[in-house]
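Below, chain A partners chain B and then partners chain C, in two separate complexes.
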Partner chain A sequence: MIAIKLAYRNLVGAGLRTWLNVIVLAFVLFMIIWHYGILDGWNEQANRDMKAWEVGNGQYWQENYDPYDFFTLEESHAKIPEALKKATNDGIVTPILINQGSIYPEGRIQSMLLKGITPDQNVIVLPSEELNVESEEIPVIIGRRMAKSCKLQEGDVTTIRWRDINGTFDATEVKIVKVFNCDVPNVDQGQIWIHIEKLQEMMQAYGEATMFIIGEDFEMNETVSGWEYKDFDFLMTEMNEMMKMKKVGGSFMYVILMLLAMLAIFDTQVLSIFRRQKEIGTYIAMGMTRAQVVSLFTVEGAMHAILAVIFIGIFGTPLLIWLMSIGMTMPAGSDDMGIAIAETIYPVYGAGLIIGTSLLIFVITLIVSYLPARKISKMKPTDAIKGKIQ
Partner chain B sequence: MKTLITILLLTGSCLIQAQNPTGKEILEKIDKNMASKSTISTSKMIIHGARQIRTIEAKSWGIGDEKSFTEYLAPAREKGTKMLKLEDELWIYSPGSDRIIKISGHMLKQSLMGSDLSYEDMMDNVKLLEDYDAVVIGSELIDERDCWIVELQAKTAEVNYQIRKIWVDKVRYIPLKEELYAKSGKLLKRTELSNITRIGNRWYPKKIVFKDMLKKGDGTEFIIDEIEFDKEIDEYIFTKASLK
Partner chain C sequence: MEQSSIITIKELIKRFPVGKGEFTALNGINLAFNTGEFAGIVGPSGSGKTTLLNIIGSLDTATEGKAVVMGQSTGDLTTKGAAKLRRKHLGFIFQTYNLLPVYTVYENVEFPLLLLQMSDSERRKAINDALEWVGLTDKIKSRPAQLSGGECQRVAIARAMVKKPEIVLADEPTANLDAANSHNILKMMLKLNEELKTTFIFATHDDKVIKYLKRKISLEDGKVVKDEIIKIKGD
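Let's turn to the complex of A and B:
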């Protein structure tokens, strides 16, 4: 306790030198909390949006379906299985039929996926109800990325070409009845959404689907022959892996920042021990053991981290809360990279993040403070009290 | 006199009607004229892209419709690329990667070197007589040549194009134009054949223009510089070993 009191007095007495160290440490702490908060916020938003727009609570894939290999689409459709018929009729799961095709906006050819969905489904938030409109051409909906890449807008009519399951070419005009805005490129880029029954007719694949998206309240333990169940965690694997990579990537910067901050603490400690030899000698002469003096200097150094946490608590908290309220606007085009990312990301600061980061900085500071303080244990008290350089 | 002329015209018309070949006969005559045991040709493919025009030169060896081997000669980027087709299978050798790749499945739908043709179009071994019902639906002048218009409706569902129309020269029995339609009746592709030249005992088009009708642009021209028919070709050339 005496060591803590003494350490605090010594630190405050050092004035600007202490506060500079504290500010540097506080800056590092702030940067780590803010950046990890952004990544956690992004992860949370991506999980929420992907669940709402794309993956639902899991999916059933036709056994040949591989979303990374479009060449499998030709064989990856089958009749809706009996086991899923009731859930489909109850609207708990929604079937999706997928086919490859080409779109010809303004005479340019572009490959795309045709995705059939039930207009009245409520499993995902895709505005499929827009497909219910009466139109001379086939009504379709597309995302804003697809609209941008094809230079299409609501009301435009364009030609699409596809093959039915026999391989015969067909083509027709479609009308863009809705351009929807969503943060999940997987339901937007390079695809158009169409009434599933229309697509089944176009493909001559009546009553067939490529996959099912599972909604809330779906419970089924039996396996469905010819269909593979993919749970939510599996469907989010790619996103979670990417977030892990981002965190690892970001940590390199913090290692450098931490090194700089720790260098400052280390230098301060070395300077203190060098300049305060008489004081060290006096402590020992007055009965303190070498270990107690080492502890005093270590605590003094580590107290920089405690002051930094208090500093962040007073000045950083309002700033972090303000940043959480305004979010971080992502640069234009970020969402074209194929990952779920909102225009603005709102950071999320969990207790684990704040406590963990503060503890990490404290422990590192403690170690860095202890290393130069070890020299005290080798000092001769008589020489120290005379101020002799050792 | 007038009566005589009328009688002659009517009789002539009836005779011509009687002589009108059926769609099937026209297709058989085209086959007879165009088919050969083997061909060796050098050709140019001129691809009219949105920004530039590319010319690709090639030499090809072929036996019937089943076997063909093509070596690309120019431009430098494509030089050395070789393509081997054996019935329904296609392999490509790329000197850049020094690898032989089999083109199959949906890869066949990819564009052939950026042209309006897909690998599949090139592979098209469609047996018109077997897969389609042919009906003569009229006649029309193309490049001042009188042509039959033959409409082909697919007999089965397993064909690329449900409807085809072919304009066939009434005298030379050579197609001068072909249109390929979607099931919905939408025109998808048009092929125009011109520069019809007498080679030996047959007429042959030395210029073919392929056009994807849904796409903007001037299509892809295929110009045959030289062609020889029924020459002996070493069987070795139609093996994968000849690709490298």
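Let's turn to the complex of A and C:
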């Protein structure tokens, strides 16, 4: 208790250097909280959007379906199984048929996926109802990224080519009836959405689907033979892994920043123990044990972290709240990373993040302060009083 | 002297390692101090005054012989035990004042009391008393850098005296002070010695100090060469 009181007096008495250290530490703390807040916010947003746009509450995959291998698409569709018929008709699950194809925007060839969906489905928020239009060409909808990469706009007509289940190539004109805005690359990039019945007809795969997306309240007890159930967590694995990697990757910078801050504190400690030998000797003469003096200097160093936390509490909180309200506009091009990313990410600062980071910084500062302070216990008080140790 | 000695030193030898050999700084000291003495260890520079004071103050240990302070043989104390002895019974005054620079006068004087269990009101009263003894009640908020040398040494006296220790050890307390200030602080200490029966032991070669001593122990090359009681105190 007394160590804290004395340490505070010494630290505040030391003036500028203390505040420099505190500010550096506070800056590191702030950056970590803010950056991980952004990542957490991004993670939440991506989870929300992926659930709404892509993965629903889980999916059934035709047993051959492999989203990473487009060449298996030819074998990965099958008739809608009996077990899922009722749910399909009730609109609780919605079938998706996927085929490989190519598109010819401005005469260039580009491969893509054709995805068939029921226009009236309500399982995902994809604006499939836009497919319910009369048009000479087949109506299709695409996402913003797809429109950009193919330089297509609403109303444009372009050629697509595909193979039916017999391997025969065919081509037709399609009309972009809607370009939708979506943060989830998996429903946007390199694909066009088309009425499922139209696609079944084009592929000659009547009544077939590649997978089903499950809506909110669907519970299935029996296994569906020939189809594999993929739960929400499984479908989010890749996304979660990527987020984890981003966190680890980002932490590298903070390790370096931390190192610099700790170096500054270490240096301050070494210098202060060197310069304050006389003071240390005086403490001992007045009856402090060496252990008490060591802990005094340790607490003094560790108090940098406490002051930094208080500093952040006072000056950082409004800033963090403000940053949370305006969000962070992601730089153009950052949406090519394959993770669902909104234009603006709103950071989320969890209690775990704030407390964890503060505690981590405190513990590290404590250790860094203790290491040089240990030297005190080896000092001879008679020499320390004169301040003549080298 | 007799059995009521507050400090007893017997056959004390202190050697310092110097290079490959040793240097004998104190060579067979025998001394005893009674409660309430106002004594000085006097001798030229290098005669061993500081070394002797440090051993009495349990900041250093004897190579041979022993020093018994408040009934405790300092050589047998653990560092913790020595710290406790200093904390409770000893006050130190240094040539260079050794005030804590970031603390105010009040906080400097408060420091030794923070190391002792004491209620807030008791502590406040003790600090105010001590500052009154040295006449610094109007400077309690000042920091050492804002004080003159004389004022600093008065703060140091208040700090040494605030816990009313049995023994005060003062190593060349006037060496950095002018004559007026030297006389001033010595009168203060003499008064405290008489009022509180605190035992004062000085290490000095300053005639201004010697003038006030009631007992003068002369040290030369680590040996006591003279030990005299002085009847008439100077003024």
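One rule holds for everything that comes next: the second predicted complex is superposed on the first by the 388 of 390 C-alpha atoms of A that agree within 3 Å, B and C clash if a C-alpha of one lies under 4 Å from a C-alpha of the other, contacts with A are read in each partner's own complex, and residues count from 1 in each chain.
We take it that contacts are C-beta pairs under 8 Å (C-beta built on N, C-alpha and C of every residue); 3 or more make two chains touch, one makes a residue touch a chain.
Since this is a predicted model, take the numbers as computed values, not measurements.
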Chain A as common anchor, with chain B and chain C clashing or fitting: fit
Partner chain(s) touched by A:100 [first = chain B, second = chain C, both, neither]: first
Chain B versus chain C as contact partner of A:6, first or second or both or neither: second
Apex chain A: angle to the C-alpha centres of chain B and chain C, given in degrees as a multiple of 10: 150
Which superposed partner A:290 touches (first chain B, second chain C, both, neither): second
First, second, both or neither for A:382, with chain B first and chain C second: second
Which of chain B and chain C A:281 touches, first, second, both or neither: second
Three-chain overlay, closest Cα atoms of chain B and chain C, distance in Å: 74
On chain A, the residue positions that both chain B and chain C contact, one per complex: none
Residue ranges of chain A touching chain B (in the complex, touch as defined): 70-71, 73-74, 100, 102, 104, 106-109, 159, 161, 164, 166-172, 204
For the chain B and chain A complex, residues of the former touching the latter: 50, 105-107, 154, 157-162, 180, 182-184, 186, 188, 212, 214-217
Chain A partner contacts - residues on chain C that touch it in the complex: 54, 57, 59-60, 79-80, 83-88, 90, 92, 94, 96, 98, 100-103, 107, 111-112, 114-115, 159
Chain A - residues contacting chain C, complex: 2, 5-6, 9-10, 12-14, 278-279, 281-282, 284-290, 292, 380-382, 385
